[in-house]
Amino acid sequence: MLRFARKRMLASLVSLVGLVILVFFLVRLTGDPTDLYLPIDATDAMREQFRANNGLNDPLVTQFGRYVWDLLHLDFGDSIRRARPAIDVVLEAFVWTLQLAVITMSLVAVSATVLGSLCAFWAGRLFDRAVTFVSLIGASAPDFWIAIVAIVLFSIHLGWLPTSGTGGWQFWILPVSVLFIRPFGLIVQVVRGSMIGTLSSPYVKTARAKGVKNRPIIFVHTLRNAMLPVVTVMGDQAAALLNGAVVVETIFGFPGVGKLMIDAILQRDFNVILAAIMVTAFAIFLMNLLIDLAYLLLDPRIRA
Amino acid sequence: MTLADDTLAPPAEKPAALRLLAMLRRDKAACLAAAFLILVVFCAIFGPMLLGEAATKQNLRGRNAPPFSLEQGWLMVLGADQLGRSLLARIVVAAQNTMLVAAGAVFFSALIGTVLGLFAGYGGKKTGEAIARLADVIMSFPSLLLAVIVLYVFSPSVANLIVVLAITRIPVYLRTTRAEILEVRERMFVQAAKVMGASHRRIMFRHILPMVLPTLLTIATLDFAFVMLAESSLSFLGIGIQPPEITWGLMVSQGRPYLNNAWWLAFWPGLAIILTTMSLNLLSSWMRIALDPVQRWRLEGGAKKNG
Amino acid sequence: MAEHLLEVRDLAVRFHTANGPVDAVKGISYHLSRGETLAVLGESGSGKSVSASAIMNLLDMPPAEIVSGRILLAGRDLLQTSAEERRRINGKTVAMIFQDPLAHLNPVYPVGWQIAETMTAHGRPRAEADARALELVRRVGLPEPEAALKKYPHQFSGGQRQRLMIAMALALKPDILIADEPTTALDVTVQAEILKLLKELQAETGMGMLLITHDLGVVAEVADRVVVMNRGEIVEEGFVPQVYANPKHPYTRKLLDAAPGKGAMHEPIAAGEPLLKVRGVSKLYGTFTGLHEANFDLMAGETLAIVGESGSGKSTLAKVLMRLEEPNGGTAHYKGRDLLAMSPRELSGVRREIQMVFQDPTQSLNPRMSVFDLISEGWVIHPEILPRAKWRERVAELLTEVGLSPEHMRRYPHQFSGGQRQRIAIARALALEPDLIVCDEAVSALDVSVQAQVVALLDKLRREHGIAFVFIAHDLALVRDFADHVMVMKSGRIVEIGTVRQIFTSPREPYTRALLAAGLEPLPHGATSFPPALAPAAEHQVVNHLA
């Protein structure tokens, strides 16, 4: 297991380094931030000064070398836009995204598992068909469309919930609900399929022959075995949420890392983009370790 | 001999295409989905030819005309936009770009991913590992973000959009192909072919690929829906297709400022997206069963549905 | 007759399948008394397991439907009883063990918990259940019982898992134990131990045992009475010695005749230079020795049987000879050239002369190719054998030769039965006109009567075409009528090699003797059952009887 974790860490590190190099040069192709940050009538001297301050005059390779050198000292550079350390800006936004992701995924995990299991048990009955239909719509709907329809309905016509921004619990309801739909739709289907397969497995037959009641058969014997493929899908979905729900954060004016990254790209705030990528990559790496741990807990066969 | 061995008379087999059609007819949901998709494809191919003019004709008296009224003619049945253009005509015309981007991205990612997957699965252990790692790297990239940067650097044309989306989806096919091949190549009938002295090429194309193709087709159908949603999101964020070209995602985005008084501007194109992706999902899950010889019986014959 | 413990009366079960309704069981009746063992004997598709599933309420309905009949447990009709009450009967009054214990134990829970669950599911307190689980594990003879309780199913061997299943089933001292093919997947020596354990436990508890099996030997070994099933009907029933000595129904007679080990033994005659000369072939898997220094010769037109239990290295040997796996050392000279040293190009030429028939024809035939494509594939690869114009004619000939008909060539493998599929696989091997065919457990997956047919077919081919066979099997009795030489293997090593007569009449090695003793004699003469462990003296009697 330790060897596995080390291998995994190495692979993640390699792909992170690749990503940072790629993005470092790619974002510099989007143009010169000077044009964005200085007024049109700025003098050449002012421009020159701005470039020098932000180290944009050196050859790209020198800039990259300096960036890596600073990085090794845990210095992620400053945000041009906010004139603060980029890492601080990113971590603030990341806390919002993390909360959103944790709340959403917890709700998805619990509800999709329970409903998917019941669907499998009652396969073909009305309950199953209804939940399957709803989950199908959920898995098919574009989130931005759901978001604006929800705003029209709940915020504008009914006036129950705020349209955007942050504040009390009311501000969380719409973003969480919209983010909930797609992973929920997908995972209900995965749970259902996996459970149907597992329910017809020989050891469930044994449990029936032992006289075990239905509820433990579903939730003790079957579910734990059926969860193995589900955990993988949940991990992928959680990773997508941690990367920042760009669209939903934009629509609801939610100050998460997804919105921050889009803004930073549009504002050519290079250090923020890179810091954000590294922070989310690290978070996803940690989450993958958690997933591996979940596997170990669920399946004794891989503990060896 | 009258023992179990030689008494089973094998039933006759109908041609594969006919059987598939017959199975499709029996599954109502999949049948509807297929019909809707045919309609969408028809719109995508002939839409601009038939309704191209109606989609761009401005009609100031019909600005933001509400839906479900036939006063302004049948084209206005879904209402009109802020310039009085028929929403129905615009949705039909926008189908072309929407489908083109999705189909292009799926085609290229499936093609490249499958070929790489073949090498990764059937080639040597080292090559296989290297290609698989490459897929992991692409997979671990935040794809939407990269798409935003790339499209920001290069112009957001249809071609660039296809390239960006195709690259992000390659790992899906690569991983599936590789995993399937690693499994299939260990099967007995592949060993049997090897024992007969079959060449690598023959084993690959006669024995392994036909087993893998149905899975890939199923995944491609599902992925078509995913790519459509991704394109819509990008267009919605303003970094996908640029006006005056239109896609469904862009139409939703353009309708957003008018949500208060003209909800239909954003509603109908969104509905078009949902119905299309839903049909693709339905068709994909039907295909998963229909193309699997072990599961096919579930869809055949007039038997009582199993559970 | 007094009220029976269990009585099945006119039970009829129908399955609604894609190809219309199938009557799996057509009005069968049998009964079981306390302390008695009743065997339900039948081949695959005979419906022998269906009534047991009906007793345990394990039939999925739909697709299954109980058309008529009653299942009386101590006089009470189970089919009229509520699901909840039947749950309370399961495990407590009637318990069941299954064929494949690895699949039938939940992989993610410790076995101790699973045994205790039988008791907690019926309201016993946890502590009492745990204590009893320990007692049971000790009783069924597992080493280190305390530690065993905490282990998971994958950490045990096949025989140990079946012991655990038995412990689980007997936890609440049920009146009836249903055993569905309890020893089928096990090695012969392990099978004998498990049957012995079941017998002992039955004597201790006085339970009635319903034994479902396809194996004539198992029935002879443990059953008091037998019902013989064929295509959903009971064709014969009675006390085991009577039925075996004097079968009334033609099907029973056919089944008994198909049991191997009755014909004349081959006397090898071939002399001269061997076709295949294997010297010092070894194969390591990491640190595990799959095969150690194998040496043997095979003469042209002869059959060499390789017999051993699981893990004996017999299949590894076949794979190495076919170059499906690369050996760690040794030579195998075929017509004077070393197979193991050939380049891929040389090898592909020799491939056509050495063919292989695999264990499971369902897996060894590509499901997407028609029979014509399957058989003619060899000619696509080796076009020098036959011009394309003659393919159709030759495929028809080959199909006729293996006992199928020429119009089968347009069909697909899934449209045939297991035995027919193996015939197709044999036809495919013959198409290349080989000098040697390696059969890796080629008949093990087939029903007894079908086994006999396929073995007869192979023997005919050997006689008519002079093809040499390497025939790998785990069943000694099976190879007796067919082999010229027999090679016994254990743990990757060759234990003994000799002519078929020498191995069966005067085995030199203790392991060979143990294998012969553990193999269940399908035809009891006189006694209801054999003593499970035969003393060396008794062994010779058996051998003499065989000879």
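All chains are identified by letter, namely A, B and C, in their written order; residue positions are counted from 1 within each chain.
As a convention for this text, contacts are C-beta pairs under 8 Å (C-beta built on N, C-alpha and C of every residue); 3 or more make two chains touch, one makes a residue touch a chain.
Predicted model, so just to flag it, every value in this text is computed and none were measured.
**Q** Weigh A-C against A-B on C-beta contact pairs and write down the one with more.
**A** When A-B is set beside A-C, the one with more contacts is A-B.
**Q** Compared with chain A, which chain's mean CA position is the farthest off?
**A** C
**Q** With centres defined as the mean C-alpha position, give me the chain B-chain C separation in Å.
**A** The mean C-alpha positions of chain B and chain C differ by 46 Å.
**Q** Round to the nearest whole Å and give the separation of the Cα centres of chain A and chain C.
**A** Between these chains, centre-to-centre, one finds 51 Å.
**Q** Using the average of all C-alpha atoms in each chain as its centre, how far is it in Å between chain A and chain B?
**A** 24
**Q** Name the residues of chain C that each touch 2 or more other chains.
**A** Residues 60 of chain C touch two or more partner chains.
**Q** Among the residues of chain B, which are close enough to touch at least two other chains?
**A** Answer for chain B, listing residues that touch two or more other chains: 305, 307.
**Q** Under the stated contact criterion, what part of chain B meets chain C in this complex?
**A** By the definition above, chain B touches chain C via 1, 3-6, 8, 10-11, 13, 187-189, 191-199, 202, 206-207, 210-211, 293, 297-298, 300-301, 303-307.
**Q** Provide the residue numbers of chain A that touch chain C in the complex, in ascending order.
**A** It comes out as residues 200-203, 205-213, 216, 221, 224-225, 298-301.
**Q** For chain A, which residues are in contact with chain B within the complex?
**A** Residues 11-12, 14-16, 18-19, 23, 26-27, 29-30, 123-124, 136-137, 139-145, 148-149, 151-152, 156, 243-244, 246-247, 250, 261-262, 265-266, 273, 277, 280-281, 284 of chain A touch chain B in their complex.
**Q** Taking the touch rule as given, give the residues of chain B at its contact with chain A in the complex, in rising order.
**A** 133, 136-137, 140-142, 144-146, 148-150, 152-153, 225, 229, 232-233, 236-237, 249, 252-253, 256, 259-260, 263, 266-267, 270, 273-274, 277-278, 280-282, 305, 307
**Q** Under the definition above, what is the set of chain C residues touching chain A in their complex?
**A** The contact residues of chain C facing chain A are 56-58, 60, 87-92, 95-96, 98, 100, 103-110, 117-118, 121-122, 152, 154, 165, 168-169.
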